[in-house]
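A quick write-up on the structure given underneath.
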Amino acid sequence: MRGSNTALGAAGLAVFLALGEAVPRLGLVKEAYFPPTSRIASALWDEVTTDGFWSALGDTLTGWAVGLAIAVCAGVVVGVTVSIVPYLRETTASTIEFLRPIPSVALIPLAVLLYGAELKSVLILVVYASFWQVLVQTLYGVQDVDPVAEETARSYGLGTWARVRHVLWPTALPYVMTGVRLAAAVALILAITAELIIGAPGLGQEIAVAQTSQAVPEMYALIVVTGVLGLLINVGARTVERRALAWHQSVRGEVAV
Amino acid sequence: MIGRLLLRLLFVLALPVVLVALWWAASDGNTDPFWPPLRTILRTFPDVWTVDRLRTDVVPSVLRLLSGYATAAVVGMALGTVIGSYRGVRAVCEPVLEFLRAVPPPVLIPVIMLFAGIGDTMKIVVIASGCVWPILLNTVEGVRAVDSVMLETARSYGVKGPARLRHLVLPSASPQIFAGLRQALSIGIILMVISEMFAASNGIGFTVVQFQRSFAIPDMWTGILVLGLLGFLLSVVFQLVERRVLGWYHGLRASTRRS
Amino acid sequence: MLDIRGLHKVYEGSGRRVEAVRDLTFTVSAGELVCLVGPSGCGKTTLLKCMGGLLTPTAGEVLLSGKPVSGPPPGMAFVFQEYGRSLFPWMRVGQNVELPLKQKNLTKARRKELVADALESVGLADAAGAYPWQLSGGMQQRVAIARALAYEPQVLLMDEPFAAVDAQTRADLEDLVRGLWRERGITILFVTHDIDEAVYLGERVIVLSASPTVVQEQLKVDLPDERDQLHTRVAPRFAELRTHVYEQIQAAKRGIPQDAVTKSNTPPLH
């Protein structure tokens, strides 16, 4: 069953690539706008043999990883603090509901003014966007703590720190992992957006350069790279999440937020 | 009763009031050009966002967003239903869809500019092509996961074709579809703003960048506030619609949690 | 009314071959209430789904009023064990009952009449506007029965409908089914693993063997038409019948075939 699915998937991918080759060759779209698969592949090969490509990839990954790490730490710390300090949850709810939907790209002009095309600009956008994903999932996770388990821990005289460690954190962890997975995808989008719009060094900026210099196959090749990067991040995050869920007795659905 | 209502009001308003007051106090008399006093920003606001500006910049932005979003919703739900209903189609499409979804949507702007220029069409296509993936993939998941007993019930009572789709498959998938629609909405707003920053002659994103480039800092700050308000308002509207359409789902979840 | 001839069903998948039903032949006449009872996992549900046209048998055939069943026939209604998954949670009770009727060319007024009548006869006339998940388990199964009644079937197939409700609700629902059967004269085929339930409800009990399934025995229930939970269940004849069925099922589990497998027989009166 699984084998035949893989074969069908590979066939689908092959058809997709073949269409990408045939459609411009047959003149259905202009080759200048949509180069055939083989041209994109050779442009991709040219790209990966240059140093510039690898340093751009490194820049993008740095912005992504540092931003994500800050967002995850901040999201978890704020989430847990807000949940365990009495009344903090109620008082912060409205503020979180207001700040969360603010599009992070609204901060682009401010980031440009403050830091220009530096890594810090990228980080502002990445951190702002991914922080909310982690925070909201953490809050859901803490809310899910079984009151009976909490009461039990209390009755055995466990202190606040021990309760956080042994009751609250294990319950919230799967939710936090879901938050990290969502945040990882969002962080990549924002890192590349910042490079594309602000001109911070990275794959996004390379795409912008390829576009302004009319290097269309190179542009497509770089876009394919960003897609592969996104795919690897998605698959990796899902694997990590499944590991974290494996010991959790109930595999629950994603919380709709 | 009144006491509890007042307490809730206090919880809702206290922190925002404190934060705004802090901002006000901290920025008042600030001479750093990038952090103008809140007083100045608020005083600038009505001068910048006049009715005229709403008509020339805000309305076009929102219309582009809505057209792109609606296109993505229709296409994503239609394709998602087809792909989700046939196992073979799903197996063939899955790797390609996973790849297309993983492409960060903003990089599509230069590609779509090649085909559609820099007009409204470009922006609508950019928004639609970024929003379509979460809707599509969530619809596939939702349609695939329709309960087997419900499917047999429908079959045994001769509910098929369009009636089956309308009364069984789509309602059953709707919680998943809404999760996708929500993700798509935040992607849509991002794409609306940056497609206007990239190449445009009007729109909120365009205006804000113009302010920044001409160092009209308080004006730029008002633009950031407008974008924030827009994001908040759209999310409130979305929540209202969701609560109406998925009322049954929230009730069902609450009732299973109680038992 | 319902003819099952040489029914045979084999599940095949990924190198495994499971023979669920070997060879089943029996008939149900019009207006009869027949209970199918057998050991757990004996393919009762498979059999019922073949009859309802939800599964295609590997060999043999099912005839409804002389016509072979090849898909869900319009004259048949199904009541599932999993009431919570068989009712649509996004529809109110009335809409759930009405949905199958929309596939029949009925006027709106007629549909409304059928829905109201069906809900009335299961004692839920007031619940039309509620959502299924607002009701108790027993009430949800009543809604599922009402949906089947409103469909006006000739044959009603019930697949362990009361297995998931508590004992008291179950007794009420059993009386409801018997009452409806006597009132409306529908043919009912009732699958259960509960021997008492089979004897209490049925006019005839068909005992199935362990999987791969054949008919172990057919038994006429010679209890009076008028039955009630209090008196019928303590009647000596009820005890004899249930003991007999119990022995048959134990024999079926051990795999001892009964000689007269297809002949209707009744244990002698003592």
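To keep things simple, chains are lettered A, B and C as they appear, and every chain counts its residues starting from 1.
Going forward, a contact is a pair of C-beta atoms (placed from the backbone, for glycine too) under 8 Å apart; a residue touches a chain by one contact, two chains touch by 3 or more.
Computed from a predicted model, the values in this text were never measured in an experiment.
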Checklist line | Path length in steps (a step moves to a chain that is touched) from chain A to chain C | finding: 2
Next item on the list: Select the chain at the greatest separation from chain C, using centres from the mean of Cα atoms.
Entry: A
Item checked: Top-ranked pair of chains - ranking by C-beta pairs in contact -> A-B
Item checked: Distance between chain centroids, defined by C-alpha means - chain A, chain C (Å) -> 53
Checklist line | Chain centre separation (chain A, chain B; CA means) in Å | finding: 17
Notebook entry, point to check: Just curious, how far off is chain C from chain B if you go by their C-alpha centres, in Å?
Noted result: 49
Checklist line | Residues on chain C engaged by chain B in the complex (per definition of touch) | finding: 49, 52-54, 72, 74, 76-78, 80, 82, 85-86, 88-91, 99-100, 102-103, 131, 133-134, 147, 151
Note to self: Please output the residues of chain A touching chain B within their complex, sorted ascending.
What the structure shows: 4-5, 8-13, 15-16, 29, 33-34, 87, 90-95, 98, 100-110, 112-114, 185, 188-189, 192-193, 196-197, 204, 207-208, 210-211, 216, 219-220, 222-223, 226-231, 233-234, 254, 256-257
Checklist line | chain B residues within the chain A interface of the complex | finding: 11-16, 19, 34, 88, 91-96, 98-111, 113-115, 175, 178-179, 182, 186-187, 189-190, 193-194, 197-198, 205, 208-209, 211-212, 217, 220-221, 223-224, 227-228, 231-232, 234-235
Notebook entry, point to check: What does chain B use to touch chain C in their complex?
Noted result: 147-150, 152-153, 155-160, 163, 167-168, 171-172, 174, 248-249, 251-252, 255-256
